[in-house]
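Shared between the two complexes below is subunit A, which pairs with subunit B and subunit C, respectively.
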Partner chain A sequence: MPAERELHSPARVMLAVGVSIALSAVVLALFSKDLGSALEQFFLEPFSNRYFLGNYLADAVPLMIAGLGVLIAFRSKNFNLGGEGQLYASALAAGVLALRLPAGTAPFAVWFLAALTGVLTGAAIGALSGLLKAVRHVSEMISSFLVSAIVINVSDFFITGPLQDPASNFQTTRQLAPKFLLPRILAPSKLDISIGLALVLIVAFMIVDKRTKIGFELKICGENEEFARYCGIPVAAYQIAAMAISGGMYGLAGALLVIGPQGRVMRGFSSGLGWSAISVALLAQGSGAGIVPAALFIAFLGTGSDHIMIGSGIPSEIVSILQAVAMFFITARSLPRIWKKRGQS
Partner chain B sequence: MQPMTAVRMREISKRYLPSGVLANDGAELEVEQGSIHAIVGENGAGKTTLMKVLAGLELPDSGDIEINGEPTHISSPAHARALGIGMVHQHFLMFDELSAAENIFFGLEPVQKPRLLRLLGIIDSSGLNEKAKSLANEYGFSIDPSAPVGALSISTRQQVEILRQLAREMRILILDEPTSVLTEQETEALFEKLAEIRHMGRTILLVTHKIDEVMQIADKVTVMREGKTIGTYSVASTSANELASIIMGGVPSEEIQIHKEHAIKGASVMRIEGLCTHRHHRGGVGLSEIAFDVHAGEVLGICALSSNGLDELEDVLAGFLVPSAGRCAFGGLHFDVRKVHEYRRFLKEGKISYLPSDRMRRAAALSLPVRDNFIALSRRNYFSRGWIRSTLARRATQEAIHAFDISAQPEQMTAELSGGNIQKLAIARLFSKEQPELFILCEPTWGLDIRSTEQVHSRIREVQNAGSAVLLLSSDVDEILTLSDRVMVLYRGKQVLTRENSGYLNRALIGEYLLGTRSA
Partner chain C sequence: MSGTAAVLADILKYTIVAATPLLFASIGGLFSELAGMLNIALEGLMGIGAFFGMAAAGLTGNVFIGMLAAIGSAVAGSLLMGTVTIKFKANLFITGLAINLLAGGITAVLSQWWYHTKAVVAFTLPPPVPAFPAALSQIPFVGPVLFSHSVLTVSAWLWAIVAAFIIKNSRHGIRIQATGMNAQAVSSLGYSPDRARMAALVWSGVGSGLGGFALGVSVSAFVPNIVSGRGWIALVAIYLGRKKPLWIAASCLLFALSESLSNYIQGFSSIPPLLVLALPYAVTLVSLIASGNKR
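Showing the complex of A and B:
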């Protein structure tokens, strides 16, 4: 039991981050012709100018929002593995709505309605798994994953079929009107004002978690379900709610991408985001405040990798290895114990 | 010839972080080989921590350990096992879905004889059951090796756990409060088996609260208080009274009054009729046609040996188990007991206060702080319009810790508390709420030391005098006789005795009903 808590030690996470960065450098050394410039492209270029920095931060925004959703589900010991589908389908729903709204609609109304559509779509898909768990005792991990697989294919059908932009060579919907997109900051980068919303949501979660009855009851449900029932907490309701919130956050992340950097719904645009959000939640170690550095780190791995891919011609497979190494170290649970034993002998 | 020293622990200190509680403070222990050595002390005296250090479950901050004369540093449970040290926990750690034999030989399973099957590691399950049976017979245990452990009674689960250690050739067995979950007859049976194990040259360390058990079975006894060793005494040359005063640190214990004075009986608070449950819930017998009522200011004691229906009755009264038939009257309402949500409302509204017998599983969230566990049951009081009142919550927790003499801090992780302190926390939480019409108290003094038990008993009398009705579900006959106005006994799920607790009832008579040798 005391050993259980060592998992949450910030030192362990820092160690994992450090080791994974060091190993990334090793992999780079093995595969790049010019190690010096590869290292520079990987570690420094994302921060080197306004454009790169803005794009890097923009990549972190959906990770923060979706990662927070995963964290809330974790808090109640629910595992939402359907993020990919929730994000993709919600993005599509939000995109369709924004495309259908009359051209004269106020931009603010478009943003609000699109975000709301995204949240509701994601929440409905997530709640389905929560409901199945509460009523039929179906594992929410399996049902959310399977539902997501279905939803992705259905969305693909719509994007490449009835909603395909006839003027485009890509498999994508039509482009949204520019005035319907979120205002950019750090132009010409793709960073927009949604980063503010992400930070507000994180702070709101921290307050709810620490100071409110809902946060308290959610925590009890996650720690010991039988005890929660003894305390008269409606466990089933919290199960459904946690999955709905988690799905809703994925949905919000998807909707914000469509009315932000993407401007349309392209086939497979979300690929990997759902899983990266789980990495963010794991890395944050259950802490709301931890979401920000965790999302920045995961986004950094992606951005840095893109830079060396373009700059040094290192294949994307190698880049995937870098990310896998990082995740491996972060999720490795035996690390602190081995470390501890070394210290003693 | 000088007997060999099996265990020698010197100057063992252990501080739990981050709360900084000093659980062991220079504790000492010396145990002779082939003896039964008891370790006694109040809740939170550091007994369990010292044993966890010996079993490799906790690393001490400082101190030396010698096993069979060899200085050693026990770094893990695996290391302790390699040294022949095994621990039977107070709360068994087993695979509920696996059979008794599979639990006993987990990791040591005999594989099939044919070469191909052996290479594949296919387990020879009939051989496994055979082996378990012969091991059990060797020590005089009687278990069904093929039964899933989750369906067994607590005492049988304990036997499985002990056999598991014996199967691993453990030379030093640690038993942490083994009798706290057993009835008198089961305790007798266990002690016979422990004597048998000692006879075969093994060493037994017995952590307990009960002085009569020490006098009955142990060769030597070590007394601990506040993390320190007070002394080690030979049981043959000390008396129970002497030992009690050493444990209590010279504080005289209050007299326990057996037959109590009868309180004035008030109006009926709850009436149950024709209560039945399906069999097989928790592997139990199922209840049939249970009927009772309990009045304001009255304690109704309900007693049964394990697997005779007490667990089912608790779960029904807790709103965790939907009965198959029965009617209930409470708070002016009459309803079918199958409508569980109707009943649960009374628990939720605080008209009924319930103390679970399984404190680890049902009464605590171990990885949350003590404060959170304390306020969890009366969230109405500690949250105002959905926002926490932290100062109030902390102060109330602190007050309860003080009033119930719990060794804990509000911010401390509950998992760090000893079993007794977690129980006291659960009791403090219940008695700090506004007074309900009915208390349902299940095994309220399980694993508590003498002083805490007396405290709890006097609290129960207080609420009774203040007009609450009390249902006391307990397998401890002394407790039932001490507190109850009326006594009810369950045997195989049937109600075999319901009677006023007058001079007529005594331990022996109740024992006969409990064992089914006498019936109504």
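Showing the complex of A and C:
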């Protein structure tokens, strides 16, 4: 008899989702004065009308894009922990560009240039960590985190200093002209057409992953680096590329937020998105198609938490706890024997 | 003492103060590193230690009890991480990341629940106990730099010495090292590598908890994001110090000097403070690159 029970991927996902939902219900029961209405706010309000639904879907869009980037880097066992800084700095770069473009520029050109700027900024920051790993054997986790910390401080400086909107009481850049913002769907919510781009990117990844040599070689780099090198796969190039893609996707997510729901770059812009995208990639369990439900779930936890915060005074940081618990369950590969015994008796 | 000397003494004195949390945490992290585990949760464990340590110290008015609470809570966190990683066969980096997220969430939620704020919670603590007789701290220059410190600051150095001794001379420490070098050999000798790994994580919990507590005590408050990257800096100190306690301590002093300088520059120069705040991270990043090796 095996000493422990192996947990397969679907079981882990179910456990992670189930436990984090159950935990949020427990927290609600503990803290809210009116459990019924708190449960309703958490679980049903995001779906209750067009406005809430649109906002909820809009929250899932950056998670899909950035989560896909994290997933691609995971493929080659590269762990990008600099998402917070990559997203923030890229959003700022894209925002500055969009603010500087002449008022007569065609909106389409603004969107394209802003997105491109975001991608390139994020990719450059991510590639740095990939390069350091390939050339100097430096842990990409630590270097991406440190670079991100530096980048966040520098971005904070620009937003509160040279780029501060003099007319605003908030620490923020100026607002983009409304015609430069992506067209909205499900108005008056903040959902815009970027959700289409997110889905296209996910499909594109699935095709590259299954049908091309690149997708295959990326996977080999992650599974066995030495073997990959032996096969003549340029491992260093894949390491740098994986980190660049991951950073670039964070950058794209940031840029789309600026030319979309946010319309400007406020201090603390990334607000945990960098970490949430990692949860999304983990929940998706390496599957491109899995990114969509995973992003919807993590966005649901976030939206639900925002709603209870307003309703019951529980700070929205509760979402970090829920995500952490989900991560524990998603990454556990087996349950120890004691659990099995209990199940048998 | 002339003005320049006084400034220099101040910078150096604060360097030693700023090195305290780094030294606690990086020596703690050295145990897990030697056992073959890159512990990215030092950051979160420090945050947990800072919060629960300060809460207990504030509640009881007793710094020692606060210290125990800091150790206890961070060890609990490292046990959770160790259990999921080792017993449930989870990915160490993901459980580490989860601990970091959990730390941010729990401290914010409990801070709101207990103190009705997510912002700074100030505590009145008894004055720090000086580690050296007052006469020593009167020595010009050397006195304020070396002998004006509290028992807590000095215990970081004791912790490093004791840890170095455990690692090098005790069976326990040697088993941890052996597990990192060759886990199979350890298990073929009849010892459990998993047990050594768990013990190493507990040690890193002790160090991080103490480090977080030292941070809280230094400002007599719990501040959101109080650790702000020091767990990662402590991790780099392990590499820069080539996993040797003495060199790790030297690395911590280097990073602490950059922090001390950045504090000083903020007050006296026209360089924007937000850019100066990035200095310790930049110094750490450069050290990380320097401590890497070519393939």
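Everything below uses one rule, namely that the second predicted complex is superposed on the first by the 303 of 345 C-alpha atoms of A that agree within 3 Å, B and C clash if a C-alpha of one lies under 4 Å from a C-alpha of the other, contacts with A are read in each partner's own complex, and residues count from 1 in each chain.
As a working rule, a contact is a pair of C-beta atoms (placed from the backbone, for glycine too) under 8 Å apart; a residue touches a chain by one contact, two chains touch by 3 or more.
Source: prediction; values computed, not measured.
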In the overlaid three-chain picture, which partner chain does A:Gly232 touch, first (subunit B) or second (subunit C), both, or neither? first
Would you sort A:His137 into first (subunit B), second (subunit C), both or neither based on which partner it touches? second
Tell me which of subunit B and subunit C touches more residues of subunit A. C
With both complexes overlaid on chain A, does A:Asn224 touch subunit B (first), subunit C (second), both or neither? first
Would you check which partner chain A:Lys213 touches, where first means subunit B only, second means subunit C only, and both and neither mean what they say? first
One more residue to check, A:Phe328. First (subunit B), second (subunit C), both or neither? second
Considering only touches as defined above, state whether A:Lys33 meets subunit B (first), subunit C (second), both or neither. neither
Which positions of subunit A sit in both the subunit B and the subunit C interface? 4
For subunit B, which residues are in contact with subunit A within the complex? 16-17, 58-59, 75, 318, 320, 344, 347-348, 354, 356, 361-368, 372, 376-377, 379, 383, 386-388, 390, 413, 415-416
Subunit A contact footprint on subunit C (complex, rising order): 38, 40, 80, 84, 87-91, 93-95, 97-99, 101-102, 104-106, 108-109, 112-113, 118, 229, 232, 235-236, 272, 274-275, 277-278, 281-282, 284-285, 288-289, 291-295
Spell out the part of subunit A that touches subunit B in their complex, as residue ranges. 1-2, 4-5, 210-214, 216-217, 219-220, 223-224, 226-232, 341, 344-345
Hey, which residues of subunit A end up touching subunit C in the complex? 4, 31, 79, 81, 132, 134-139, 141-143, 145-147, 149-150, 153-154, 156-157, 160-161, 275, 278, 282, 313-315, 317-325, 327-328, 330-336
